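Each chain gets a letter, A, B and C, in the order it is written, and its residues are counted from 1.
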Amino acid sequence: MVWYIVRRFLQLIPVFLGATLLVYFLVFSLPGDATAAICGERGCTPAVVAGLREQYNLDQPFWIQYLLYLKGVLTFDLGTNFSGRPIATIIAEVFPTTAKLAIMALVIEAVFGIVFGLIAGLRKGRIFDSSVLVLSLIVIAVPIFVLGFLMQFLIGVKLQWTNPTVSGDATITELLLPAVVLGLVSFAYVLRLTRTSIIENVNADYVRTATAKGLSRRRVVVVHVLRNSLIPVVTFLGADLGALMGGAIVTEGIFNVNGVGNTLYRAVLNGDGPMVVSIVTFLILIFCLANLLVDLLYAWLDPRIRYA
Amino acid sequence: MPEPTSSVAVTEAAAPVARTKTSAYPIEHFVADLDETPLRATDSAVSDAAPRSLWGEAWRSLRKQPLFIISAILILAVIFVALFPGLFTSEPPNENCLLENSDGGPAPGHPLGFTVQGCDILARVVYGTQSSLTVGLFATLGVVVIGGLIGALAGFFGGWVDAILARVGDIFFALPLILGAIVVVQLPVFQQNRNVWTLVVILVAFGWPQIARITRAAVIEVRNADFVTAARSLGVSPLGALVKHVIPNALAPVIVIATISLGTFIVAESTLSFLGIGLPPDVMSWGNDIFSAKPSLRSNPMAIFWPGLALSITVLSFIMLGDALRDALDPKARKR
Amino acid sequence: MSHSTGTQTRGRRAASDGADTPQPLLELRDLAITFSTSTGEVPAVRNAHLTVMPGETVAIVGESGSGKSTTALAAIGLLPANGRVSNGSIIFDGEDITHASEKRIVALRGSSIGMVPQDPMSNLNPVWKIGFQVRETLKANGLPSGPQDVAKVLSEAGLPDAESRANQYPHEFSGGMRQRALIAIGLSCRPRLLIADEPTSALDVTVQRQILDHLDTMTEELGTAVLLITHDLGLAAERAHKVIVMYKGQVVEAGPALELLTNPRHPYTQKLVASAPSIASRRIESAKKAGVATDDLLAPAAPADAARDRVIEVEDLTKVFRIRGNWGRSTDFTAVDKVSFSIARGTTTAVVGESGSGKSTVARMVLGLENATSGSIRFDGVDITTLGRKEMFDFRRRVQPIFQDPYGSLDPMYNIYRTIEEPLRVHGVGNAKSREKKVRELLDQVALPSAMMQRFPNELSGGQRQRVAIARALALDPEVVVCDEAVSALDVLVQAQILNLLADLQSELGLSYLFITHDLAVVRQIADHVAVMEKGRLVEQGTTDEVFDNPRTAYTQALLAAIPGAGLVLPPEVA
């Protein structure tokens, strides 16, 4: 078990290094002056350019640049953004809101996805199952920004159940609508995955054996069918945290949430290269950590993994 | 009904019997009527119905699926609109945009109303089809070729090729499609050359790992099948076995995922355009239209609704097609 | 004649017998089961009737698809969701439970009717500890379920160290141990009837025998009646008081075990008795003891010729696999350890062993699909381990494989013509026209109609597929055919047909076979020479008669004793 955790942890290191290297390489080494990326289309004064070249070690070879940057990441010294504010401070400011939003979305999609998927799987081919399937297809197909606008318009503007936009405080109630929008697509995936998994497990030999032992239907479903079906769902949820971070860019934009996604979006529009790299690096880190967490959960759910 | 013989515990012929059990109860020897239980030839020959290839079987089951019929019709319609936009609207999409019509409601000859710039919404939606479809189609093609090739090689040859490719795939996996695309798209290189093709390149660059994973898994499953070993021992080369036996049998899941990806890429394109960093503003696309309608959401929600609907229906039809294909090509269903 | 009269007669007899014989524990009366599929209602079982008396062991024998499992599972309401009892009744201990409520059935399961399923690998939930899975059974049936109770149940089933074993997960158990755990669960609540569905068919023969012996002892002590489902007539005859033969969803014959073997009346039973390898093997044994010539009982044996040349000579063949462990450490695993044997031209050499014995690795090395770590394989005097690419390609024409799984060995995308033609095309034999002629000839040789050429594998039965695989193997006129468990996945009658076909082809074409199998009963029928492998080493070899009559090592003796039906002594004239 310890070996398993250590191994998974060590496997994450090259992934993290590779991904950050990729991003760093893309931003600072592709053709075109890197300072142009930082300055955006507006351009900077020569003095600023010189300052930037020094600040981001652009006079050094690429590898040195990257290693210096990595050192910065590990010491939480991410430098400053285009307007001179420390990037670490900005991330620390906006991250809690995004974390709240992403976790709420994750909980919503997990709870509803699993419950609906379970019922649909147990009633395969009946009306509930078919209608839930069609509904999930529609949810998957409608892009998140269309959905977001639609819900914002209907619930926020027309019905006025909540504020159409989120204030600076970003309270739980305010975040509820954005979280639903953010989690909706993944909810459909969780539902479908749970359903498939349940259908597969309901016909498993050990489920029949459990029934033959004289267990009640309820116990068979909960202890044997559901428990085993959760294994692939948990894997999906972990990988999905990354997608939620990506989706947060759009959702936060629509609902005007002051979070990581919105900050990233503004940095992109401003052509603030260092800020973009730092936020993406941060998101990759979150993604890797989430995956590590999933691995632990996975090992707990599936004893076979622990000794693999 | 043949009369069953009276119960016999042990016949004399088999006197030295070891370990055979004798029951405490009388057991009758029952023989069923031969008329009722005729002996059929073991392994009877097949009927003279038409031969059924696997693709033929899949097509047969596909034809009967409502999901397939609906999605196929929708996709054909969307392709038709993309090819011949002029047939669906008499309005040119960009000229005739009068600011006095800005955010106007439906008017004669303009059934869907006007955008902020006063352009005809119907015309914009109809002409926007082409760029969305082009991006989706070519991104999918690129991803299938690159991801499929990499996945097939990794799966078939295993070993260090597989290990390296798996790690590279992991790295790309840590960077979700949209996030990666955002990083690249904002670079000056791309901002200066924004068009459909650069966007396709970016989507392929960040989208291939998924197809590679699926292909790899499918190839590994087939690789160890006895028919591949049989081909190898006939003298078929490794590459020959890969091309002739492994790939055709590993194709089904790849086709399914590719179909669904087509929808995903259309969404990705429109999301980037929606963020203002996808296709350049002068290219007509649904994402761009939604982007420009954003500020006037409250006064003219229809300017977002119609391109959004077109986008959703297109994506939905590809995802539905993928679903229908998955059912028809399911290897579990076609076994035996 | 209508079977309804027969039904009534049977029904009346059962009623009138009630006075002088005890009540049957389980009685199935004219049971019919149908499955609703996409193509409509499909009858799976018709007119099935059987009785199980208290404490009696009744075996249902049949091939796959005969409805034997379906019949038994119906008795505890475990039919798949699309199956239902469409006619007849199920009476357990005098109570009609055909359409009993879910609640009633749940109450009966476990405590009154237990079950031991077929495949120990898939029947324990992989995510729960063994102890948990026993405990929940006890609990659900209202029995004390403390750690001692769980340990007691497990140790009764012959699981050593039960207390600590209960804390392990299924994947930490071997197949035999898992089956013991499943038996423990099945019998934990002292049911009066145990349904054992092929309880050992997934296990090695020696383990199979231990498990069955233990099951016998336990059920005898507890007075449990057993409904045993099996495809092996020999096993049924050895273990049951009464044998019921099912065919295509119907009971064709039922009676005392031995009576059925010695005096089969229904043509299907007669064929089964004639074909079942375990029975055939006993028959040969008995015939020899009785001094009867065994020639006509065996497959046509090649004439013994001492000077006959050796087509394949394997010497000190060794295969070491490197298994990668944690942190780049790797351990060596010797799958095949200094194995030497040879095959005389035109004869059959069988390599026998249980799972993990390395027999299949030997086959792969002989086929040139796996490189040997050391040792040599000489084919016609030339060591194939040293062949270059070009010579290897030529070598492949002369040695061809037939694999076990008839569903996996044909490419589902190729029709039969392309499948059989492929080797010809690969080796550039003839032109399109002559190749088609050859394919027709080959189909004819394996007794398949040439109309089958346009068919796809998914349209063929298992036996037909195996014939196609044989035709493909013969396409290049090979000298040696390696049969890797080639008949193990087939039903008894089909198995017999394929074995006959192989024997006919051998005498016709002078083929040499390397026959890899776990089934000693089959070996007896087909092989001239036997090599027994255990854990990578060759422990014994000799002519088939030598090995069967005078097994020298304890391992071979154990293998022989474990052939189902080994305890039966049959009169030689039974045929």
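Here is the rule we use: contacts are C-beta pairs under 8 Å (C-beta built on N, C-alpha and C of every residue); 3 or more make two chains touch, one makes a residue touch a chain.
Fair warning: this is a prediction, and the values are worked out from it, not measured in the lab.
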Between A-B and A-C, the pair joined by more C-beta contacts: A-B
Chain of greatest Cα-centre distance to subunit B: C
Chain closest to the assembly centre - both centres taken as Cα means: B
Whole-Å gap separating subunit B and subunit C, where each centre is the average of the chain's CA atoms: 39
Distance from the mean Cα position of subunit C to that of subunit A, given in whole angstrom: 50
Distance between chain centroids, defined by C-alpha means - subunit A, subunit B (Å): 23
Parts of subunit A lying in touch with subunit C, wherever the complex brings them together: 3, 7, 203-217, 219, 223-224, 227-228, 231, 301-304, 307
Subunit B-touching residues of subunit C, taken from the complex the two chains share: 1, 3, 5-6, 9, 21-22, 47, 53, 55-57, 237-242, 247-248, 250-260, 262-263, 265-268, 271, 367-369, 393, 396-397, 399-401, 403-405, 407-413, 415, 422-423, 426-427, 448-449, 451-452, 454-456, 458-461, 463-464, 469, 472, 476, 493-494, 497, 567-571, 573
Complex contacts: residues of subunit A adjacent to subunit B: 14-16, 18-19, 22-23, 26-27, 30-33, 36-37, 41, 137-138, 140-146, 149-150, 152-153, 157, 239, 242-243, 245-247, 249-250, 253, 264-265, 268-269, 271, 276-277, 280, 283-284, 287-288
Touch list for subunit B against partner subunit A, complex: 167-168, 170-180, 182-189, 191-192, 263, 267, 270-271, 274-277, 290, 294, 297-298, 301, 304-305, 308, 311-313, 315-316, 319-320, 323
Complex contact set, residues of subunit C against subunit A: 76, 78, 80, 102, 106-111, 114-115, 117-119, 122-128, 136-137, 140-141, 169, 171-172, 182, 185-186, 189, 326
